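Pasting the structures in now, so scroll down.
Below are two complexes that have chain A in common, paired first with chain B and then with chain C.
Moving on to the complex of A and B:
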């Protein structure tokens, strides 16, 4: 049998002579090019049409970047899900839930509550009601004294007075002890609150993952359901309103400065939250390249049947994927709270679509198996640049929405074309 | 003899490098049933796809009712008078019988359905079928399979078909339903239609057909009247005689028993299968498509549910599958891999390989441990190992990072086999490992199998290509309708004998 001639597959030349190298390079650069194009477009338009051009300035850059952080950090988690061939529609309401939990923990001074079983605020409120009771009994006694009725009635009221006084004393003591506890423990409340928010995010993700892999229902439907579920939970926690911790006494400064662009809160020219996002993105990118788990994630998204055939534990890996994404949702919840400083249960509605859009614009494929951290960050950035640029140009909100819509459809169409090109030989 | 209603002459069709049909001619006479016979992959389906307009032939002409017939698509072919009844039914399950029959050929005026005309047509067609009892307003979903098939036939009749093709119509029917179907076919025949009947089962063919045509390797190799032909003649036409030199043999000798399967049954197939597999042995499994060969491998590998039976994996483990209802516990592929099983799937595209991932990923998914530490991979070490495997198996690719989808079929198959070898499986379950790949690569795979057997591994080799089974295997088992019919040493089989067992009911 004669040796077959070498196919183009086996040719090895210098790297730059290989057309495949350039193709790869181009596909890596594509999101950058898109971002550059959008920035250039708005910069030029801004120069020409605005009276005071402010788009292409360092301040505005800081502003855009910090606005992006919430969507970007949630989109990091969503990237993992989408690579694994899933989708999470509950991300938006889960972010709001995490933020609401965080706000509730701060408001209720959760550390003190855990140790003393009570918070200063509620102990104070109860002392006040006991005092009111005492005042009421005193008043009644006085009124009786003027009428001078029988001894038995007076004796009864005096007994009431004794009880009320005793109750007040008891509650004073209780308040004192709670205050003492709070002095040493209250400082842990913010930490606990943050942990609770992150845990809440992870739990939301875990619930999604468990439902998807145990019930074997498509992720779209499962997360459509949990989206509503998380919204309801958040409303329940907030008693169907907004949780407002006291800004002066209950919300530490670093919360609100996390994404603030006031010059004194910046750290190396950017808000700390942005740096944290970049750090997480770096970690995730490394993880998606060098971990065993990442191989399984890509395998799941690329072909679940192959994953099963290769002995990959499909169920647990799916749960892990959604739980990991939940962690990012928790962090996004923290950011959301730091922007609003209140826990608003409905503040995340619709956010999931922005998150998914960022991932898709970044070049991930909704059919799974493809996506990158860098692409997602750039996708999120492209979206906020468009929003910000439109505002700068004085374009109305409706126009922004329409432009975003067009961009998303274009990105997905492009993705399909690329998919066909990659499909290649069979 | 009457003139043919349909003539196909000189039909050729190729897909890339493979010539699926070469100068095939076929005459379908009026009022008779023509049986189209051939092994899997002989070109029957391709020929019928040409007839139904799904494929455009590279060369050749067709005439229908003495007029040139060049269908532009399936719908066009149907309107011209060619009806196809496939193995898989093509019905809209939630529509009624009437709507299904008239689907795509509705009687309408200005976009409004002319219900009365439709009902008349449906009644007429059902009458012709001999089943006026079918309720026209029932959703098709509620009918049993046999009656759903009648709806499909009625649909073909409603478009005034001259020729109806039945492609393995009995595979999902019970015995008595088959009898009913044959009665219907005879009725249609006497109504003057030309009928093409495709089946593997010679007995069925004898019951319902008048004449036959045999395809082999995409060519017509014989035709005639069934009444003056014996089964043996037909089988030898199907199998052919050319034994080539393409089977490099590596000497290997079977050793002690490695896997003993006892009364293994799946959900529907396999049925009650028992056999044993020895170290250093290649056991071939022959049978027609749907005989339960793939299902047997999948049950063994934990991919399909096992209804009953068990297997002893010597010397290490007792592979318990008895009465397990949940494949994810206890008999998952994960556990089988740990026990030394390895499966190469028959379907590279949808199951065997993650097409968009790299060669390196695909090769190592089932065993990443050697390259990982605390969950982090040493990609350089993996790259070296994968490159080494690529050299050993002559995988032609630019680099281990190239995505599998860009490779040729043969190279993809080598990656799938490399994965099983890389995971150090010593019981290899190979499902059609040579399907759709070129002759040279096939020879390489045969040699590789011989080498692995010589190295003390046990191999189960499922194939529809009899010549390779008999040349490569030590023993060959034949399956039919889920059961393992007979196991013999390969040298005690002839292709005719295998076929005879495979087509027996």
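Moving on to the complex of A and C:
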């Protein structure tokens, strides 16, 4: 962790004379410097080349920050994993899985379904098919009447008619009771759906952690597998399509305003989802400073064997790390749903690489033991600023891809320089 | 260490181009004696439109940028801009094909940039609704092309191929090549893609309604978004139904590219009648060799052209129809050399 208190240094005389102060200050400021450089470049270029410069405006700031939220919140969890010396390639598809689960819960009106065992929509559909059946039988009976066949045939048809009528009545009653339940329970569906998404994220993380520590397979391979697994699960839930809850009746407004940039949805100039991300980041940073668990996490990432010898329960701590990260994945799923208002199983593909890039640009070491919350947030921001800036300048996609690539390589190169200069872990 | 740090910083910044010190390094702009002109404004090597006559800037947002189809739309859009003279096109799609969230971000960026109009091919009929509402709230008109948006009240116009009809034409053509009877496979594209779903439905609907002797033996396999995934899936399906299959329909270009390969791999090429949707070089060659029996064609150049023209008309206060069809055609081995088919088979492409 780079933001350590400097008390031991400051006791040795003038602070600014100590070269180590400058080293630390520099390493702390590095992500800020990179962000400032990128922002400055785009701002200058935008001023010079655009007829209507719009990059360096308050509106665009809100815009970029809200676009960063999904990657940023998932990257918070990934930071913990990477500090602990792991990696999670399944984060992207797990985000899509959580979003799909959320969409499915909303669409199926899960609260009513749990209580009544059926949703209004499907009960209505069944009533309709019963009614269709009744209509068909009636028609057949009419056709028979014109032909005047034997009594036995007519009797049989009349029996069918009776059955069909009975079925319609039964279905009507059922629908009425489901509707009653729905009136008092439907309001819980959004809450349940959010809990399901968060739970789904945690479960994904738990599965990763459990497989990694029980099977003792490297995280890269395990999560490479679960990446496909979660993708498949999401497709299964979505019946190989997209889950579309009805915008007007099934998606509460606060869902879609979570990351919306419409002025009326903003709260203190920023979308609520951004504030939530910042709050979570604050909590996580505090946790990484002051809890015993965080010491275990850093110990695991620095040297697992030593950690084990020191008596740290490696197995359970790994599971805890991945499950914690899963919670952030669940929140990212909630964010993704709030942006898309549909659950699409494939919308997380490739997202894991953005998340990992954010953490790496933020100065974390892929060999474990180092990483910071602040760095990660800035890393995520740098990437979306590049994307936004390229659009503002009218630069094309190939250029944007290349710039992103160069920045990632540069960030990692800087990291190596620093490691050599300081001599391993700080 | 500090020296190294700054060297690395410089390395990091170098490719971004530092303002005026490296003038030509900013792609998207072209050097002119009179100064730097945004790309798209330099037409055919001459500065046809000086910057100060530009009245409208339109953002054109495709679903992706690597398909040939979009390059033709781009060409059409630039044609219209050139013709209008006072319109500038900003062409930008999501980085990854199929990235809904990325496309929303692009729309939001252009809303913040306050362009005069947004011309969008939505990756998802529902997911993009909010982004379009944002544009509307900022008084930026939105025109939709290629694929529909759920809420049509928000848009200026919808310029697209009738994909359902395209699917019906494919069914008709396949039935024609099979003399009205046989066992066919439909290889679907990707879950949740509106335009291809329409083609699939149109195809199945036409067969059911008017070609009763043609049996669909497989219609629930998804080929995925790349020619590679499509090759794998097509090979599996064709091998499974090797003994009975007599016809196959691939619903889009990457899909068809994979199917043609798979037909070659399984030795069924020429024996199984094959109808594709959207052309590419291999498919056209395949048709010349009579291994592809039909290609349903859209007109992407017209799509791009009409979209830009209608948006400009709307901004000038003219009335624009809500729905504009750009036509759908079938190329066959027999008509493929006619000039109009040739133009659709090898549409103009940007750059």
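Just so it is clear, the second predicted complex is superposed on the first by the 411 of 426 C-alpha atoms of A that agree within 3 Å, B and C clash if a C-alpha of one lies under 4 Å from a C-alpha of the other, contacts with A are read in each partner's own complex, and residues count from 1 in each chain.
Note that in this section a contact is a pair of C-beta atoms (placed from the backbone, for glycine too) under 8 Å apart; a residue touches a chain by one contact, two chains touch by 3 or more.
Not measured: the values here are computed from a predicted model.
Peer 1: Touching A:350 in the superposition: chain B (first), chain C (second), both, neither?
Peer 2: second
Peer 1: Determine, under the contact definition given at the top, whether A:51 touches first (chain B), second (chain C), both, or neither.
Peer 2: In the superposition, A:51 touches chain C alone.
Peer 1: With both complexes superposed on chain A, which partner does A:387 reach: first (chain B), second (chain C), both or neither?
Peer 2: It touches chain C, and chain B stays clear.
Peer 1: In the overlaid three-chain picture, which partner chain does A:240 touch, first (chain B) or second (chain C), both, or neither?
Peer 2: second
Peer 1: Would you check which partner chain A:291 touches, where first means chain B only, second means chain C only, and both and neither mean what they say?
Peer 2: A:291 contacts chain B only, not chain C.
Peer 1: Examine A:313 and indicate which partner it touches, taking first as chain B and second as chain C; both and neither are also allowed.
Peer 2: first
Peer 1: Who contacts more of chain A, chain B or chain C?
Peer 2: C
Peer 1: Looking at A:302, would you say it contacts chain B, chain C, both, or neither? Reply first, second, both or neither.
Peer 2: first
Peer 1: Let me test your reading of the model: by the given contact rule, A:124 touches which partner, first (chain B), second (chain C), both or neither?
Peer 2: neither
Peer 1: If I apply the document's touch criterion, which positions on chain A are contacted by chain B in one structure and by chain C in the other?
Peer 2: 422
Peer 1: Can you list the residues on chain B that touch chain A in the complex?
Peer 2: Those residues of chain B that touch chain A are 303, 328, 332-338, 343, 345, 349-357, 361-362, 364-366, 368, 372, 375-377, 379, 396-398, 402-403, 405-409, 411, 419, 440, 443.
Peer 1: So in the complex, which bits of chain A are touching chain C?
Peer 2: Its residues touching chain C are 22-23, 26, 33-34, 37-38, 41, 44-45, 48-52, 54, 57, 59-60, 63, 67, 70, 235, 238, 240-242, 244, 247, 256, 260-262, 336, 339-342, 344-347, 349-350, 384, 387-388, 391-403, 406-407, 410-411, 413-414, 417-418, 421-422.
Peer 1: Would you mind writing out the residues of chain C in touch with chain A in their complex?
Peer 2: These residues of chain C touch chain A: 1-2, 4-5, 8-9, 11-13, 15-20, 26-29, 36, 38-39, 51, 54, 57, 65, 90-93, 95-96, 98-101, 104-106, 108-110, 112-114, 124, 126-127, 129-130, 133-134, 137, 150, 190-192, 222.
Peer 1: Going by the contact rule at the top, pick out the chain A residues touching chain B in the complex.
Peer 2: Going by the criterion above, the answer is residues 1, 4, 6-7, 9-12, 18, 20, 289-293, 295-296, 298-299, 302-303, 305-313, 315, 369-370, 422-426.
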